[in-house]
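Labels run A, B, C, D, E and F following the written order; every chain starts at residue 1.
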Amino acid sequence: MDNIRYLRGWEKLKEIDGEQGERVIASLSDIAPDFAKLLIEFPFGDIYSRPGLDLKSREIAVVAALTALGNAAPQLKVHIHGALNVGCSRTEVVEVIMQMAVYAGFPAALNGLFAAKEVFADRDAKKNAPEK
Amino acid sequence: MDNIRYLRGWEKLKEIDGEQGERVIASLSDIAPDFAKLLIEFPFGDIYSRPGLDLKSREIAVVAALTALGNAAPQLKVHIHGALNVGCSRTEVVEVIMQMAVYAGFPAALNGLFAAKEVFADRDAKKNAPEK
Amino acid sequence: MDNIRYLRGWEKLKEIDGEQGERVIASLSDIAPDFAKLLIEFPFGDIYSRPGLDLKSREIAVVAALTALGNAAPQLKVHIHGALNVGCSRTEVVEVIMQMAVYAGFPAALNGLFAAKEVFADRDAKKNAPEK
Amino acid sequence: MDNIRYLRGWEKLKEIDGEQGERVIASLSDIAPDFAKLLIEFPFGDIYSRPGLDLKSREIAVVAALTALGNAAPQLKVHIHGALNVGCSRTEVVEVIMQMAVYAGFPAALNGLFAAKEVFADRDAKKNAPEK
Amino acid sequence: MDNIRYLRGWEKLKEIDGEQGERVIASLSDIAPDFAKLLIEFPFGDIYSRPGLDLKSREIAVVAALTALGNAAPQLKVHIHGALNVGCSRTEVVEVIMQMAVYAGFPAALNGLFAAKEVFADRDAKKNAPEK
Amino acid sequence: MDNIRYLRGWEKLKEIDGEQGERVIASLSDIAPDFAKLLIEFPFGDIYSRPGLDLKSREIAVVAALTALGNAAPQLKVHIHGALNVGCSRTEVVEVIMQMAVYAGFPAALNGLFAAKEVFADRDAKKNAPEK
């Protein structure tokens, strides 16, 4: 069963952001390989794989939350990639982040926009970004 | 122009949650009436009225952010009402909140679920809750 | 396998705080029964059940973190009970909370101490509190 | 010397808010009397007693910070009293809290305003509030 | 009217920190030009332009809040510049930040002091810093 | 007496992490030398020197809290060093940080693990790290 959760989680992670995800998993291999396993099983195998909320809405929720918390820039960038990968437009990502000015203040929104700017530039550099 | 922003904001606030919104505005009338005006103009007149992101996605973003921050229970409840009013199902609201366990921890998600429980009971008591 | 995680988690939760734990699980039964299952499986079945850190140290870590975050009073109280149940003295709990004044400020520490005061009184009322 | 710090702190606490301060100190007497002593010595004896920043500015700084953090309502109320006691007008207190909408979001500012509303009503009830 | 808010906001921003402000506005021009407009209109045109609290007190409030939140270093630096530009001495800025050790812990205060150190060095390098 | 607190604090700081501690104290010498003194006296002279909680438990509490808060990476690294210096194994440090995924979310735990990875590499480079 754990194996099923792991495989299901890995599939979901690939769907959201395979490249960034693999990098995170690899970076844990020496210090906490079990945490890499738990990260695939619980967030991606248990939560993201649930029916009841589409993946695009899930990524909007994460981008909103990480922008508001303001203390997890690397993970925010991963999920801005993720949001774009599962169907959000760049405009939608920018709107979600701008809206956080209302709930977490202008500095949180500004830092979220700067994270988005880096992600967009990164994708432009790779010529694999057809989002508007 | 300010008048236009105010009117546009008030219409948007009514669309999201007229009843709860009026209560908040009224509660500010003695201590900070200008803040009530700014609250209608900026969040609702400027931000929520922008094109580029549908209202249902905006409410998902707020429910996610306020659950994650965990320090604004009254406003979270207002926006759980708002999410249901603009087309989210109860299941979608519950899924957004559960997902926050991944980004802000289980206590934040638990307290978000208890807020949702109160809102659902409140709506059931008023027999005006056809959401599933 | 999931069944094993659930059973292992439930045993661990009972060891830490059976009474409080059952109450939390029960309170989720109508709104998000799946979350109750995930709560037993991941935190208690996966994390608390790991070797490498004794249960007393784990409870010290939680009391410290929830005091510092300052936005999850109900869960802090559950884990003050938990800390006492797995072998911390009241003095040790108070010392952990006081120390948080250094890392999260005096208001966070004060509110943590008031939570501890409630828990100690609750245990005294039940005459089942031999902690010093 | 510790005695000097304690006496200096106690004098400063009385200047800021003797009544509220005594209540906090008393509430710690059974659970953590040493923390009451440290609370008088370090924040009030060491920090508030420093030259270089006037007491009114110090209270503006605290009201701003506790409004922004949003997780310490009891201490925010103590310092709204304190700000009024050391010379801030009610208008100034309200302006500081409103400004936090920019830095910590509208919910934080709203909850700060509701705290101020309670404090103002409390002072009005005691007929000892000549602030405008 | 919006035009009036924009012009009033721009004047206020220049008064607080024209150079840093222009840089922030410019950095938004490609990703979210509307957010630059909102940033001038709401925080500076609506909030900072209000009577009832002097600009020096407003900057003290921001430096306190951003030090306490601890997750917006770039904006904290902008407002340390701002505080010095509108009349705070370096000593007053340092005192506000030190005081945050009481409300948000020593790490928040330390990181605030290191931000101030950078700002002071930056101003010294430009020979335009007559503050004591 | 202050002198006693300072000396006691300095001894305690050296016991936890002399090298890192001296660096922090030195970095404050130009901007806020009084804060360096207060930092030795209150956290280390008053809090860490208290009986009632062993030093290893105290360092577990700090690593937990700073991982959960997620906005004080430099201080988290100092205390990961500290935890190892006073007897925690690397495994115990990793377990405390992993556990924070439950209370503050996976991004907080991930960033805590990356901080630990840097500290472990730093200690390996100095060949003075016999921890397992």
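Heads up, the rule we're going with is that a residue touches a chain if its C-beta (ideal position, glycine included) is under 8 Å from a C-beta of that chain, and two chains touch if they have at least 3 such contacts.
Remember, it's a predicted structure, so these values are computed and weren't measured experimentally.
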Length of the shortest touching-chain route, chain A through to chain D: 1
Neighbouring chains shared between chain B and chain E, ordered by label: A, C, D, F
Chain A on chain F, rotation in degrees - Cα superposition, rounded to nearest 5: 120
Copies chain F and chain B - interface residue numbers shared by over half, same or different: same
Centroid distance [mean C-alpha coordinates] between chain D and chain B, Å: 31
Intercentroid distance (Cα basis), chain F paired with chain D, Å: 30
Between chain C and chain E, centroid-to-centroid distance (C-alpha), Å: 40
Multi-chain contact residues (two or more partners), chain D: 34, 38, 42-43, 47, 50, 66, 68-72, 75, 94, 98, 100-108
Touch-based graph of the chains, sorted into line, ring, star, complete or other: complete
Interface residues, chain D side, partner chain E - complex: 42-43, 47-48, 50, 52-53, 57-58, 60-69, 72, 75, 91-92, 94-96, 98-104
Residues of chain B that touch chain D when the two form their complex: 24, 27-28, 30-32, 34-35, 38-39, 43, 66, 69-72, 74-75
Footprint of chain B on chain F - complex, ascending: 68, 100-108
Touch list for chain D against partner chain B, complex: 69-71, 94, 97-98, 101, 105-111, 113-114, 116-117, 120
Chain B residues touching chain E - in the complex, by the definition given at the top: 1-3, 5, 34, 38, 41-42, 46-47, 50
